[in-house]
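You will see two complexes here that share chain A, one where it goes with chain B and one where it goes with chain C.
Let's turn to the complex of A and B:
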């Protein structure tokens, strides 16, 4: 029992990290709450599926193409939709949410709702670890998720572009005076966030079928995790993911699966009552938020 | 535009005169102020009498429109206090479930359960939102977005209040005409009441919290307490809408927390324009009938009104109402640009 909880808790936590990291990154780098995250996630799934079934590409190629294409789409969304209303937070949220819902409902209208829509596993089969059977796909999730987290940390802390983006997030005017262009940075952050949503979709979706409602769930999960961890902090995101991931599995195992979703509300409300800036939010962020 | 000219906007003479007590000077000036309001009130009050022309279908649409308008008004009041809500469905669902509970378990008639649910639901929501009121801007929005969806999950998980099945067979409201007049009256009272409220000193405090909460705190005002009151007042019309529609359908279930009740009011306000309440109502009266007309398109209709929303959010951020208002109050003319002498 305890091994199951430990291993599946880890799987669950890393899945959450993967799901939320795109949203969190965009928000952390440019302050855009990208409410089309769920839409882009599902779009990636269908896009890979369509490339495989309509054009006949192999899965690996379709996956890479999807990530690139959705990344570009993210950048385009910034240029076409967010840039005209940049700075008006409500309009940003409404505009991106409209894009996300439009994508999801378009697929629903086209009839993409049957059980035929699923992506293949990377490698079939499962392996026993400490008496718990776990399939290879879930191991991939853990591996790729942790790898992405490390790569992103390296990217934002030790490369010129990453530092430029973080500079923009910390103080826009100073960054501007150092020759970092605001719109360019935001476009890049949206593109990155969208590409990460696509990566998450490609890795996680093979575990089940692609369903439209999952798009809304993904957005909700991303929100829950980022709020819990503190909106701008990557460490907070990871801590938040582990707390929620393990809490989900523990409640799911001992209380029954229907309680798994309730745990979010409890966690969010508790954290906000005790520490409104989130678990790893800093004092500067506190000042902005409270 | 012609080269060397620029546009200039000036208040119409009649606007300048009617801004003050001189309005009582002439019938024309009285009409200038009163007519737009009376046309709206008159048209709404006349609607139920024209049952022969409109038919039962459009009367139903009017009820839903008023419901969405109430939710939009509630949104606008919250936004006036700087609280951007993305989850109006929370209020709607709270009202709906409280009235459903009272009606189903205790057999209360709608005349008791709707007012009780309005107040109790608003209190519950205020208590639920109290811990997150310290957040502002987008952070508050993110939480409110998640809340109704999570409430839905809680109802599903705990199986309280009928769980996934919901509570059905609730007491009906007495007749279509009564229903229409009740909801129309409440909507009108809310619009004009909120417009009045936001102009008082109390409303000034709320708007000041939105514009600069530090300054309000420095003025020795407890903003947390004011925000709490704003949430309670804003929740009232929304919980009423929930309670009312529950008795209209004689059913309450998880759809009461559906995303639709968060998105439609928000879209209405974006289309109509924020801050004036009349804009929120105008938006609802454009959007809901439009979405009924688009019903033939199936789920594509959601895509269509997402696109409409995008066009408005980007192309006309001030909203239709402010645009019309500007045309009503001001005129434009071309004036030559003065040369800068070297």
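Let's turn to the complex of A and C:
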């Protein structure tokens, strides 16, 4: 029992992180709350599916093309709908949410509502670890999660562009005075977040079927864990996802599956009551008062 | 090198710069002196392009709050309507007031960001030069910039600008809030930078500590120039003496 909790808790936590990382990263780098995140996630699933079934591409190629294509789309969304209202937070939210709804409802309109839409597993089969059976796809998710963590860390700490994005996030006018462009940085942060949504979709969706309503769930989930962890804090996101991931599995195992969704809300409400700025958030209000 | 002609900047209905004209020659150290809200920061930010950026940002939100009129002639080109990044490429780099560094990045990363627009790969050399100029920074190179003292952050701010290899460096109140010892250190560095052939435009409220290295100075009040001249000329003006030199 405890082994199951340990292993599936890890899988669950990493799945959560992957689902939310794109949203969180965009927000952390440019302050844009990308409410089209769920839409982009589902679009990625359908896009890979269409490339495979209409064009006949192999899954791996379809996956890579999807990540690139959705990344570019993220950048275009910034240019087309966010840039004109940049700085007006509510307008940014409404604009991106509208894009997300448009994507999702477009697919509903085109009839993508049956149970025929799923992506293949990267690796079939399963193994037993410490007496717990786990399929390779779930191990694959953990592997990709770790790999992404390393890549993202390297990108933001050791590349010129990654450093520039962090600089822009910390002090816009100082970044500008050194020649870093803010619209360019925001475009890139949106592209990066969208590409990460696509990566998550491509490796998580094979575990089930693609459905439109999942897009709304993904957005809510990303929003919830980002707030839970503390806005703008990647460490917070990771801690938050681990707490929720394990809490879910523990409740599911010991209390019964009907409690699993309740625990999300309870954890989030609890954190926000105890620490309104989130687990690792900086209490901005306090700083500003001093 | 830089000719500022009839520069006027309004914020809403407050006038921050009023028909200001000044000139900075190649290799000079020029000081702009004025008390609180005289318009020093507005001048610096307008030359660096930040005011224009702010104006565009507010226009997007539907405001028409900032007006910039006049000419900024840098090496024969009017740059008043250009982006900050274009001006950095041309060689104008600003050290902002109150040394706002990238607080969550290390000193080393801050310096690397200074060279963001450089195409060559000799950043290391420039960073070494900065470390030689400010040996303190070398010791702190792995520390988060937010943990540095005000004086150290000022050195870092100047260091970042140097890594960009500017032709004209703008320093907005580089001595603000520093202890006399730190002030000396910064003044020494400014002199050294000037020796390297970099042109310097700096602003201060209180002119005395920086005066020995200033070739020419302007005193501004309410966005207008009231006196200009060489260091000695300014020192000899009785009004200026009382107001800006504390004599």
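The rule is short, and it goes like this: the second predicted complex is superposed on the first by the 282 of 290 C-alpha atoms of A that agree within 3 Å, B and C clash if a C-alpha of one lies under 4 Å from a C-alpha of the other, contacts with A are read in each partner's own complex, and residues count from 1 in each chain.
Everything that follows uses one rule, which is that a residue touches a chain if its C-beta (ideal position, glycine included) is under 8 Å from a C-beta of that chain, and two chains touch if they have at least 3 such contacts.
Fair warning: this is a prediction, and the values are worked out from it, not measured in the lab.
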Three-chain arrangement built on chain A, chain B and chain C clash or fit: fit
First, second, both or neither for A:102, with chain B first and chain C second: first
First, second, both or neither for A:173, with chain B first and chain C second: second
Partner chain(s) touched by A:227 [first = chain B, second = chain C, both, neither]: first
First (chain B), second (chain C), both or neither touched by A:258: first
Which of chain B and chain C A:250 touches, first, second, both or neither: neither
Touched partner set for A:64, first chain B, second chain C, both or neither: neither
Contacts of A:268 with chain B and chain C, given as first, second, both or neither: first
Chain B versus chain C as contact partner of A:121, first or second or both or neither: neither
Touched chain A residues, chain B compared with chain C: B
Contacts of A:160 with chain B and chain C, given as first, second, both or neither: second
Closest Cα approach, chain C to chain B, once both complexes are overlaid on chain A (Å): 9
Shared contact residues on chain A - chain B and chain C: 84-85, 88
Touching residues on chain B, where the partner in the complex is chain A: 79, 84, 86, 131-132, 134-139, 141-143, 145-147, 149-151, 153-154, 156-158, 259, 263, 266-267, 270, 274, 298-300, 302-303, 306-307, 309-310, 313-314, 317
Residues on chain A engaged by chain C in the complex (per definition of touch): 83-88, 157, 160, 163-164, 166-167, 170-171, 173-182
Chain C - residues contacting chain A, complex: 48-50, 53, 57, 60-61, 83-85, 88-89, 93-96, 100-105, 109, 112-114, 116-117, 160-161, 164
Chain B-touching residues of chain A, taken from the complex the two chains share: 33, 81, 84-85, 88-91, 93-95, 97-99, 101-102, 105-106, 108-109, 216, 220, 223-224, 226-227, 231, 258-259, 261-262, 264-265, 268-269, 272-273, 276, 289-290
